[in-house]
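Heads up, the next two complexes both have chain A, just with different partners, chain B and then chain C.
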Partner chain A sequence: MLAYIIRKILFSIIILFVASFVIFYLVSLSGDPLQELALNPRVSQEDIERLAATYGLDQPVYVQYGIWIRDILLYGDFGLSFKQNTDVNSIIAARIWPTVLLMGSSLIFTLAIAIPFGIYSAIKKYSLIDNIGTFLSFVGFAMPVFFLGLILQLVFAVYLTEWLGVRVFYVSGMSSRGGGVIDLLQHLFLPMVTLSVVSIATFTRFQRSAMLDVLSAEYLRTARAKGLSERTVYLKHALRNALIPTITLIALSAVSLIAGAVITETVFSWPGLGFLLIDSLYKGDYNVARALLLITAVLTVLFNLLADIAYSIVDPRVSYD
Partner chain B sequence: MALLEVRDLKTHFRTPDGIVKAVDGVSFTLEAGETLGIVGESGSGKSVTALSIMRLNPQPPCYYPQGEILFEGRNLLEAGERELRDIRGNDIAMIFQDPMTSLNPVFTVGDQIMEAVRIHQKVSKKEAKDIAIQALRDVGIPNPERRVDEYPHQYSGGMRQRAMIAMALACNPKILIADEPTTALDVTIQAQILELMVELQEKYGTAIIMITHDLGVVAQLADKIMVMYGGRAVETGTTDDVFYDPLMPYTWSLLRSIPRLDKAGEVRLLPIRGQPPSLIFLPPGCNFNPRCPFAKDKCREVDPPLEEKRPGHRAACILSLQEIEESKHRVDEELGVEQ
Partner chain C sequence: MTESLSRFTRLAMLLALIAVMLWAVAGCGEQAGEQPAEEPGEGEAAEEVAGENGIVIGYDQEPQILNSFIQGGDLAATSDMTAGILQAPLRITPDLSTLESAYQPELAESQPEVVSEDPLIIEYTLREGITWSDGEPLTSEDARWTYEQIMDEDNQIITRVGWELIESFETPDERTVRITFSEPYAPWRDLLATAILPKHIYENEDFNTALNNEIVGSGPFVLEEWRKGQDLTLVKNENYWGEEPALDRITFRFIPDTNTLITSLEAGEVDFINPPPDIGLIERLENIQGAQVETAAGTTWEHIAFNLEEVDNLQLRQAIAYGINRQQVVDEILQGEVPPLHSILVPEQGDFYTPAWEQYTHDPERARQLVEEAEAAGAETTITFSTTAGNALRETLQQVVQQQLQEVGIDIRIENTAAQTFFGQWTVEGNFQMGEWAWLASPDPSVTTLFSADQIPPDGQNYYRYENEQVTEWLNEADRTVDVEQRAELLRQVQEQMAEDLPLIPMFQRPVTYAFVEGLEGPEVNPTLAGPFWNIEEWSISR
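Now for the complex of A and B:
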């Protein structure tokens, strides 16, 4: 097990080196940060050359990459922002909490709905509730995240506010001035739901089919033959087996949650990392974009590793020796 | 009063194609400590009969239009879920065909045995574990103190079936129903498992219902035999009666279809032609008549009841004892069997 994890980590490091170079190079291709300054008549050619020398921009790309990755590895320093006159680390640090809050609450919301509902649907297969669930799942799948976000804003933040005369949910941002926990939840709810809908649809279908696979298993007949109640048969013997594939999926889906967060945060102006990524790409704040893309790559690899480890913990048959 | 008495049991299933009469009027009795062998081919209704006793057929689509299953005088077909749960695993335990899939892969073998013990007996976790270890030792699992904490996938096929038997016997049931317990195992392990069952039966006095399509298994184990065909009992009697003097042409054909070591190369085997009957559309007359080597015209008209042909030996055949003996003789001559 330990040997497997070490092997996997070594392999991940190679992948991340390749990914970091690709990220750095592609972002470099998208533009020259000094180009804008060159168009400004008040900035002299000497100033531009001095800046280029300071930031190493007159060097070939692989040398720039070398400096960048060296600073990250040795000092944990993601460089400077060209646009905000401050270091990338502090810009990102300010945005981590909103994203963790949004993704974390979305994941909990998703699992709290999808797992019980998937299990219920499997046990009551083809019942009315199961059929309604199937229909809603397909609607959820088919709904583009940005569109869903806009619709929810319109219905729950605009129409509902007009109708009630009191604001329940907010369209954008994370908090009002001087607002407390309730205010935070009023801001959080709509983006959380938006981010969750696709995952709820995915997880419900997934949990339903995992449970259906297990329900025909012979060991459930053995469990009944022992004299166990249906409740114990389902919630102990069946559920434990049906959760194995789901736990793996949770780790793997964290990655798609990041992608969803980029769109959701932008639609709701949620001050998180996803919004920052789009913002930095628009503004040509290249070091911020690079840092965010690299963090995403690291998380992807990390969650894959976690999926493997989680799998071996929940399923005693899996060993990586 | 017999320990278990099944009277005219019917177990039917509603399916989109029609009603499947999986068991259609089966009766038998089982005394304490006795072994009954139920023999038949796939789809003859033997497993459904066993699951009916445990009331483990899924309802719906299964329903019981008729019959009684009397366990110590209580009719299990009228028992409530609570009462059934008290009986399952405690008074009547069951082991299944495939030990590879019959144990839950995510719980240790010990947990699964302890679970059976703890729902029926008021014992602490510690005591339950001791019972589990003792049960594993009883069924010949080496080093049970360590093995008790292992998962099913760490056991071999034969050991898993031993573990299943340990789980079934941990509560000291009065009846053990074994549904093809050796079918999924290789031959040497089969013999060990059967020996183990005989040994434990002698030790604990458990009555056994042994369900199998393997005639060798019942010959070795059973006191009496019920042969099933198309959802009905077609022959019942002591093991000696059924093996040495089969009266239902189906039983006789089955025995003639098995190669005999002592007559190898001298005698032709008798194949049973055709397919088992559809349990939705049974043939007119006797269920077996389309495949029967003895069939006469009257067999297509009359559905024969299970009747006593000789004392304690019943068969469902419309032919008279004399006609049966003559037919056996005639077919044997064709096959080259010496009388």
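Now for the complex of A and C:
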């Protein structure tokens, strides 16, 4: 058992090393971040070479990688931003809170809708509500996030404001200057809904099938046979068991939410990590982009590792060899 | 019956729960939205943020840093954010017809004096009584200190072009600056249009970091707050030496997505936007109720470039020039908003410009003939055409051109890549046959680094691999000719010769478009890199 876990951890470390090199190399393949300066006729080639030397960009890629990975491992230092002349760590730190806020509220919103609805659909399988739910889920799956964002902006920020004469929701940004909690919610609502739609669709379907599995289980028949009320059967016996797979899905999808927020954050100018990733790639701020990609890789591997270990402890069918 | 009733109850409860959640959020919002309506002046949203006498500008890119001298400060965002804060001896205006009108005195009392042409000596006097925003006087010593920062080896300065030619930078008294160049340098005005920084604040600080997040200047506005990822706010400079600006506060809100930018104006969240040119943009802006739209041809010009090592047959290049219907191209992609461009300078540059490419009218017959001649001489008529992927304007242009050239017997293969790769590798390494991109033009007409034979990469930006000794000589001579008439003559010769050699085909000037709310007065399209906020102290708002 211990050997199994150690082996899993070792594998994860190797995967991360390979991933870190691939990330570093692929990002540097996208070109020299300084060459765009050359589009300005007032910048000479010597100017560009001089700058490349100060940032170490004139070194071969493997040397640059070596320095980069050494600083991360020894000092937890993701290097210097080419564009902002400050350390990458502080740039990223400033963007964590908005992303956590958006993700967290979106997750709560998703679960608050998906879990009751999924359970209801399973209990009333093939009823009208279940069929409507199924239909809406597929619409939700198919809806491109950027398109949904644009529609919500038009309907809730432009038309609604015109109609009511007062502003309820904002199109862009996270807060007004000097705004309080209410102002924050006004900004948060549209990106949160946009980000939630696909996951509501996923979670509803998932919760529905998990509940259906449980409903056909023998222990429910036992519960009913004991003469418990339907209410007790559903809420005490079925629901608790049907939530277990959902909790696993939440843990695993936490990572994918970071990537999923890229589009939403960009459409709504939400100052989070996804927005930062796009912005840094666009502006050629490679060290920022590399740090974000590496963090995503680490989180993915970490959560998978935890899931593996948890399963090996919980489920005796998973082999240790 | 009971079964169906309970089903109904549960459904109702579920819906009620969702409704309550929606209402809770929306309801909170309404309360907040109502407050400003009680204040005098209508409850305009942008006003909520900016105050009664302030405006919110929707801006498509956040600056990386505020120091425009060093690496990272090259984005237009940096100079636009600091346009109201920093000032230079000369400022760039939209009137490019003569150099005097394009570069007008700002901190300088009057137009600089050319004391001697060879050796070139420039002298200017600073205005009397000008101060920094902290009240300290702004003197020639600050100008000298700024120059020293540019030349300091330890500073990550982006460009020292021109500055390197300064032999001595003298300050005979507090208001006079006298610059002597080691060789005549015609674009000297560009150096004087560079901001002056306050020595007394930054002299003991690290130039590479001290001005990144805050900056002190002498302009009508001062920086109040920069909320990273969100917005940057300027407020009126209480110690301003000049006429008091009409606005109290300007907030730049960063909205990179063009659709969201336009929707923000539509929703009344911002008062002013200048979105990048795009297909159908003007139409969309004009449909916004209560918005004013202004547009003009900019000084950034798009063109089709040839790599002369690949497309070395002149007849083939002529065939392409005659085969492309440039009017149709601008009609298709910009609804004819700007006319086709006929040179490597822009008409706004007055005497320096000559429409040398005008001779290439659309003539498919002649193009077909030239293609046949080129084929007989062994030229390949299948050509790859590359540009930066993801730019709708350029990609549509490619398709229109592809179709037009197909009709004259030239087969165009489109092969694009990301901007970083295109400019970072393809153009530098000559890994393209025909390309499409834009050059940014400063009001000064020097184009030597683009077309001189000694500027072929890695030495410069002559991505065309264009080698014409005569042109190279004229270009370099023009840079050393301070006399405007003579310089214009040389540059017109360059344009005529290049139109014959055809290393490129100019296409159009990118339009510059502003859209803003009714009641905002003052925005005047400045097509140069000086940007929309060159006259921000003259803007005013009435709601």
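Keep this in mind: the second predicted complex is superposed on the first by the 276 of 321 C-alpha atoms of A that agree within 3 Å, B and C clash if a C-alpha of one lies under 4 Å from a C-alpha of the other, contacts with A are read in each partner's own complex, and residues count from 1 in each chain.
Note that in this section a contact is a pair of C-beta atoms (placed from the backbone, for glycine too) under 8 Å apart; a residue touches a chain by one contact, two chains touch by 3 or more.
If you're wondering where the values come from, they're calculated on a predicted model, not measured in any experiment.
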Combined model on chain A: chain C and chain B, fit or clash: fit
Partner chain(s) touched by A:45 [first = chain B, second = chain C, both, neither]: second
Touching partner for A:167 - first (chain B), second (chain C), both, neither: second
Which of chain B and chain C A:228 touches, first, second, both or neither: first
Winner by number of chain A residues touched, once chain B and chain C are compared: C
Touched partner set for A:129, first chain B, second chain C, both or neither: second
Which superposed partner A:219 touches (first chain B, second chain C, both, neither): first
Once both complexes are placed on the shared chain, angle at chain A toward chain B and chain C, C-alpha, multiple of 10 degrees: 160
Which superposed partner A:241 touches (first chain B, second chain C, both, neither): first
Which of chain B and chain C A:37 touches, first, second, both or neither: second
Shortest CA-CA distance between chain B and chain C [superposed frame, angstrom]: 10
Residue ranges of chain B touching chain A (in the complex, touch as defined): 54, 56, 85-90, 93-94, 96, 98, 101-107, 115-116, 119-120, 151, 153, 164, 167
Complex interface listing, chain A residues touching chain C: 29-45, 47, 51, 54-55, 81-86, 94-95, 98, 109, 112-113, 116-117, 120, 124, 127, 129, 150, 153-154, 157-158, 161, 164-177, 179, 182-183, 185-186, 189, 266-269, 271-272, 275-276, 278-279, 282-285
Chain A-touching residues of chain C, taken from the complex the two chains share: 7, 10-11, 14, 17-18, 21, 25-26, 28-34, 37, 43, 45, 48-49, 58, 62, 64-65, 70-72, 74-75, 156-162, 190, 208-209, 212, 225, 227-231, 233, 251, 253-257, 259-261, 263-264, 266-269, 418-425, 428, 437-442, 446-450, 455, 457-461
For the chain A and chain B complex, residues of the former touching the latter: 217-219, 221-229, 237, 240-241, 244, 314-317
